[in-house]
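Dropping the structures in below, format is structure tokens.
In the two complexes below, chain A is the common chain; its partner is chain B in one and chain C in the other.
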Partner chain A sequence: MDSLVNQLKMNFPGRTYQIERLFSLFGYKNEPFVSSVFIYGPSSTGKSAVVGSLLDGLEIRNACVNLVECYSSKVLFESILNQLSGHKIDPFKGHPYAKCDNVMDFIFNLRKCADEVDLNKSVIVLDKAERLRNMDYNLLPAFLKLKELSGLSVSVIFISEIIFEKYYFKARTLEPIKIHFSQYTREELWEILRLDFDHVQNFIRNNFNENFDINEEFFSNYLNLFLSVFYRVCRDLSELRHMSKLNFVKYCEPVFKKECKLEDSMGLWRHIAPILKASLEVLYLRISPVSQEGKQQSVEIKCDGARTVKQFTFSKESLAQFLELPFYAKYLLIAAYLASYNPPKEDKRLFMKYHGKKTKRMKDVKAKNIVSEQLNTQLGPKPFGFERLVAIFYAILEEKVDFNSNLLVQISTLVELQLLSMVSDNCDLDSRKYKCCVSFEFIQIISKTVDFNITKYLVDFN
Partner chain B sequence: MVGYKNYENTRLHIKNKIVNVDQYNGHTHERKQLLDILKRTTDSGESNSALLIGPPGVGKTTLVNSILKELQEDKKFNSSAVLVRLHGLIHTDDRLALKAITSRMNLDNAINGKVFGSFAENLSFLLACLQTGQRETSKSVLFILEEFDLFCSHHNQTLLYNLFDVSQSAQTPICVIGITHRLDVIELFEKRVKSRFSHRQIFLFSTHGDDIAIPSINQRIDRISNFLLLTNNNDFSSTYFAQWNKNIKQLMKDKKFICSMQRLLDISENEEITKNIMMLAVSKLNVEKPKISADDIEDELNIFEKDDLVQTVQDLSVLELCLLIAMKHHSEIYDLQPFNFEMILTRYNKFINANSNVQNVQRSVVLKAFEHIQNVELIAPTGTVMSRLQKEYQLFKLLITSQQITEAIKTMNGLPTEVIQWAGSSLA
Partner chain C sequence: MSDTTVSVSKGVFVFKNGGTSQHKRVRKPQPDGEDSCNIFSNKLWYQSYNRNWKILEKKLKTLNSNMFSSILSSLVESIKHSHNTPVTEIPTATLLTGINMPDHSALFSTLSREIRKNVTPHVATLHAEDSQNLKYVIESTVNQFVNQTLEDDSDMEDCENEDNKKSKVRKSSCTFSLLQAWYEKLYGPPGLRIFFPVKRKMRDGHKLLVVIFPDFESFNDKIIQDFILIVSSYLNKLPFVLVFGVATSVSAVHKSLPYHVSSKISVQIFNSQPSTTYLNNVIENIFFTDDCPFHLGGKVFNLFTDIFLFYDLSVKGFIKNFKFAMLEHFSFGNSMALCTNSRNLKKALEQLTHEDLERIQELPSVKKFIINPSPEKKSKFADDDYFKNLMYEKFQEFYAYLNSFHLFLKCLYVLVSDLPKSPLGKQIRELYSTATSKNITKTSEFEECFKLISFQSKDELYEKISKVCKILEKEIENNKMNKNVTEEFSERLINYIERIENATTVISESPLKPQETEENLVIGKMDRRQLKEKLLEMSKKSKLMNEYEKIRLELIEYLKKTFEQYLQEPSSRSFHEIFFFNDMSIKKQIIGSHRAAIHAALNDPQYYLQCNCCKLQNEATILPSMPDVSILYKLHLEYGKLINLYDWLQSFLSIVDPDDNNEEVGKRVVKPELQARFTQAVADLEYLGFIKSSKRKTDFVVRLTWGG
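Presenting the complex of A and B:
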């Protein structure tokens, strides 16, 4: 038995406390289990993995359900029963062990199941339990009290990234035993990432037909450098693991190219430091959890590392440089930005060529001091009417053009491109309201292409 | 080897006692009151209704279970009464409740295929089935409704209306006991339901037990020592048995231990928490750790009392923490006014610019960090989330106090000094 604990501790560095605690509650065959345990902590801190391997290692009958996969409580109930009863779903008929529409059916069938197989000391694991909050109100309290409700000694383990305090319906629930899976410290992360050594070594061997062998110390040193750049921004193991693998290949590059010796840690650092910093900027940008994308990316990395980085920094700001807008559309967009970020009462002062000089009064100075922190550009775009847009458009445009249907079409194009958004759904042109949806950086780039100094016309900068 | 068996048996013995409580101790007055009400229905055929009210975990269910057990020990009970237990979390509407009542009364066959005009008709048919004419052979029905307040939200309170209505008329003798933690449950009744309820309420609080002279802390410690004392010496060597029990008796008098128990009682009347803490303390027993000490209990209590929100903050990355500090400063300066990403970013950038040694990261990465803070629910959008609004401008409010953030930073390891200083500065 203790060998299981030791094995788990070795597989999951930094989880000693959690493993021991769980083992002390579930590790002894004859002892009754507690009715519910609530496990919480940030993502990829080993919650699912530790619980899963412990239950399997102890050969405890269990049903693990990830609530992300349950679009209705019916699916949840039936999946639990299928797993506990060992029911094999016939792929042609697809009948579940039993149909359950509600908690009453579930408990009835759970008892029925208990007559057929020994459910004594079995465990139900509800992963991503925070989802329960958006399901039927009675699910969370019912699962917390399942033992009392069913009269069976079935325990429930909740796994959640949200603390228990944030669950509603606490009043009628009993407090479960809570186990916190804390985020890993830098040392722990280093230790865990080092477990990837074999994997990384194979990867290197398979991808570079070089007679080239890295040792563990070389990899550990790299991880130290890697964490010195990344740890401050990110503590998520899965993300770090992904990034560390990608960058390790680049770290080794100078060695393959014979530009650097394996032992030349200074030279390797000089080479990798800018690369690490660049890739820090694409952290989390492989947002999609679909493994497809992960694969694709690593393929690209193999052929040309530098380019991939560029590709992924492709953001809305750089979009501005590539976007080919007609000349007037650019001015319309600029006018929209100005309308969104200037209060209307300032229009006169900003855009009229011969407005009376504004005399600074004490009141203004004071007011300015107070709000100095709260700039209009920080508060987001304000809606503006069609007329104001046209007025500003003419004010900033040096030449005279007729306002024709062509310009109207350009406005709708801007809306289609989601550079503008329509605030009211009104079809009436005069009462339509718009907002400008581009960032300051974006509009700056657009302004430059038409030689327009936007800061001159923004209240925030005057 | 013997020591090994002893500690394993101790764990098993105590855990069994903690998990399978069926005896109720204390509250003898309330217990007798409830028992009498039920007996009047089963023995003399009087109908009645009552509510048992008390905070969660005070022992309502345990009390009712122990009473029912006592009733069922009487051989006559099964021939003279039917027990129907309903639970607000299971029987979430009256249709389900009626289905459960039917099957509990073994009347599934009798009702087969019958169509009833109304709920009342259906219920009275069920109750009539139990009547065989003579008073001696007809059965009384005991209804126990757990999480009673939830039944009040059923459509038109039909079930409650009908049950209370029957309990007021001279038809079948029934007794309706509602169990709830809501003190204001009567306010939830519709008028017609309220007027049919007997207004008998039994309150259960751990703070006023039967005997005011015995403080509730002593009663609770009594219950704990019942858990921890070994009672069956067949499973243990006699010296071990004596030593263990002596040790527990000492523990029960230990100042530190009593202090912890008082602390726990002050936090909550929920006895389940105490049981969890005992369970965890017992679970820690092993060959190297053969005894339970007052320190163990205190450790568990400290873990229990830890502020989860503070822990959530400590699990953040330095970048995320910096954003949280910026939010804290914003809230302090603007008197808890909401903020958006742009404002926080500006404040954060000021900090970065003042500290040349800190590497800046791209806006998109900062935005991700901001979103992470939202995902762990340290902040929440204010008002309606407008899909048309760009997320950078969506206003948020903090769901954590400045003190909690300060507290988290104080006990966090390995934070860069400039961050600690920035967090501490009052005007950033």
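Presenting the complex of A and C:
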């Protein structure tokens, strides 16, 4: 048994305490299992992985269910039963082991299942347990007390990203045993990433298409550099792993091109530092460059991949230019923006030719001096009615077009594109309300393409 | 059936039609498509239309697949290789499609076909409209995977497993565990459960599972997030690939996915062509060719392109409009059957009856043609055979004209498209619409273009002319029509090219020199004012041209003359109505303007009712015979923003029941029947959205519309 623990400790650096705790709970065959264990900690800290490998290593019969998948409790029960009973679904019929609609059915069928297979000392693992809060109210208490309810020696492991206190439910009679998976420290991350060495070596070989040898020290040096940049902004292991892999290719490049030597860590650092900083900005975005024909080319493209990706996603200009809208749709969008960011009482002054004189009052003078946080454009869009949108549309459009169904369709297209959002209820056909979801920079570019001066029609700028 | 639907309340009743299942219905081969069941199928014009449309449709299809092929092939290729290396994230292809939604269906159906053909048989397509919640999404995904292959199996194995065929997996039992079981049955079980990062390489033979989301933006964020999380948890057992169709930009993906989800996918971006390029392609390669005898006139063509550019950017819509115009054109009568290729012309002519010929003679351009040359010979036209022969000749001329029209338009396009400010437009479609509506060579833009060309440098001009030559060469190779014209033109141009190439840009100064020195001497003696005058004079004097400039001038003159000859507008030709459709009355059918339609219906009910009693002498008159709603509507047009109900009722009564008028207005007793009619009509108007009850004043309603 000790060998298993040691093996796990090797595979999961920094998880020694948690592995030992879990082993003490489940590792001893002759002791009864606890009824429920609650494991919590931030994402990608090895919760599911540790539990899974421990249970597999101890050869404990288990059912592992990801609750995201369970849109109804029926799916949850049936997949637990399927796994515990070892039921193979016939893909031509698709019948589960047993049909369960509620907890009672589940417990009944669980007992029935216990007659067929030995369910003693089996474990049910509920991953993403925080989803339980939005499911049937009796699920959490039932699973907490499953041992008691079913009369079987079945224990339940909850894996969650939030603490147990956030599971608000009444009659909290039973508190599970809690194990916390803490965030990895920098050293631990370094050690975990180092485990990828073989994998990365293969990856590098694939990428450079040649016999290109790197040693482990070279890689761990790189990881040190990498973490010095990334550790401050991101602790998510899977993200770090992804980024380190991508950037390692670029790190190796000078060596491959024979510009630097393998040992010249300073030169390599000077080469990689700007690249790492650039890729910080595309963290979590996961955009890989557009597929290319040749490998050789791919390397080149990957070099400025980070930059192009940045262009793709961040510059508003490119977005507005990429987006091709029909002429009237652009005007509709502008009208929507104006309706969202102007108070309705100003409409008359802004859009009518003869709106009469406005007497200056003390209030207006004061209103001039408002701070920028109170500007309409800074406050976020306000909802507006359909009629107002159309009225403004006709006011800003110079030529006369008749109001036809093609225009109406454009409005719903804009909603579909998430440039507008519908505020009112979908079934309320009479008074539809919308909000404009685009930013000022965006609308400025759009209005530039149709030669429309938007600032002239915004209260904030007058 | 009427018995069963009697109910106290309103309701919707479902009757199961005892029809065959959808499955069977699809398989039933339809004999000869729509031809057999169409009432027009034996009409001459319809046959002609059908033939032409079939040709167009076929060309469209090939064009579509060619157009999509470049982007699709790279997409399919990347999908193919996505699982070659071990993955930790779901490989995701994001296809930026542009906003013209209706066109996407073609793209995505081609995509899924391509994937099926080249990569994997397992493709599921999820549409936003039937993905209300996660349950539906999962069920429909799994259902598409599992049941679709079952069908294929049963196709192959035929009757072997009869019962399998029948027992499709029920939708409610479609879960991911089922999918896993199904996949393992197909390809064998995966390795042991590996919790450490998935480093398993996909084994050969394991086919990918591709899920396509054609309209990513319209999906609920939550659903997509959950779906991605689930898929990523199964990624080590099932090789999933996602394809997102994004209409706006990549940021839409990141907007709807939080970090913990977006880190589960690895996105590759593919850009598709903008829809304007698509349209230009379609127009140039399909509608602007000689194979399509049917042409849009300038006005209608403008209308269609305007709809495209201003309203929807939908190529599919454009093609639909084109088809509609074509139907409208052909349904004019059998005489339109002549709008066909030169090969079929003779046959079509033979089939025409005397009446058809008479109708042709009625066409304005033909009428002019008949009267113009020889009014005394008019009787000759009554002779069918004579007229047919004449038409045959004339049509041959017309074909030649059409051919040269397109050809020279293309040449002109090459010359003028990249001029500064492009006076004639940047697209060939703009040239076409000008050229078909008026004589393009007479326009000021044309003059301006040639002025600009005459400023072009040697290299620029050389390049352009050689491009034109290439077009001509291609034309000479492919087409037999107008061969001598094209050949001559091309020869002349080649000649010019050679001359341009050899021409020097240096001014041949030798004859000038003595004069210049002489003038220099004179300058020395002049005072300032004289000098100024002299200089002005000199600048006015035409600058002496070098050799190149001379050739350029000559070339431009030649080009102008040629274009003038061949780019006459079609309406100057007789019989142009047969080939060009320029009837703007179809605008009403193409652009549905509902408000105008409602206004017309209420203002002039006779327009729709076609009754004799409601004929209006002028717009404003109100007749008692009209429907109540329309009387009230016409009355309400006369009011201001607020309408007093009582006044309204009185005016209503004075129209509907004018006999009672002599009584005093105030004391008048309103007949309950009339009041009921009035109330009903008011309610109708409110329902139509013209008025609403006012909260500020009792017994008043507010008008909601303005203008006519």
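Just so it is clear, the second predicted complex is superposed on the first by the 281 of 462 C-alpha atoms of A that agree within 3 Å, B and C clash if a C-alpha of one lies under 4 Å from a C-alpha of the other, contacts with A are read in each partner's own complex, and residues count from 1 in each chain.
Everything that follows uses one rule, which is that a residue touches a chain if its C-beta (ideal position, glycine included) is under 8 Å from a C-beta of that chain, and two chains touch if they have at least 3 such contacts.
A quick note: this is a predicted structure, and the numbers were derived from the prediction, not measured.
In the superposition on chain A, A:V68 makes contact with chain C only, while chain B stays out of contact range. Look at A:P96: by the touch rule set out above, it reaches chain C but stays clear of chain B.
By the touch criterion stated above, A:Y284 is placed in contact with chain B and with chain C alike.
After overlaying the two complexes on the shared chain, residue contacts for A:V125 are found with neither chain B nor chain C.
In the superposition on chain A, A:I177 makes contact with chain B only, while chain C stays out of contact range.
Of the two partner chains, neither chain B nor chain C is touched by A:I446. Shared-chain residue A:F403: touches chain C; no touch with chain B. By the document's definition of touching, neither partner reaches A:L458: not chain B, not chain C. In the superposition on chain A, contact is made by A:E148 with chain B only, not with chain C. Shared interface residues of chain A (contacting chain B in one complex, chain C in the other): 284-285, 313.
For chain A in complex with chain C, the touching residues are 11, 43, 48-49, 52-53, 56, 66, 68-69, 71-72, 75, 78-79, 82, 88-96, 127-128, 196, 199, 203, 206, 236, 238-239, 241-242, 284-291, 312-313, 318-319, 322-329, 401-407, 409-410, 413, 416-419. Every residue of chain C that touches chain A in the complex is listed here, in rising order: 74-75, 77-78, 85-86, 88-89, 96, 98-99, 101, 133-135, 138, 146, 150, 164, 167, 169-170, 173-178, 181-182, 185-186, 192-193, 195-197, 199, 215, 217-218, 226, 229-230, 233, 247-252, 254-255, 259-260, 262-263, 265-271, 274-276, 307-313, 591-596.
Residue ranges of chain B in contact with chain A, taken from their complex: 8, 11-12, 15-16, 19-20, 56-57, 61, 87-92, 96, 99-100, 147, 150, 181, 270, 272-273, 276, 279-280, 283-284, 304, 306, 308-309, 311-312, 314-319, 333, 340, 342-343, 346, 359, 361-362, 364-365, 368-369, 375-377, 388-390, 392-393, 413-414, 416. Chain A meets chain B in the complex at residues 21, 24-25, 28, 30-32, 34, 40-42, 102-104, 107, 136, 138, 141-142, 145, 148-149, 153, 161-166, 171-178, 180, 182-183, 185-186, 229, 231-235, 277, 280-281, 283-285, 313, 315, 373-375, 377-381, 421, 423, 435, 437, 439.
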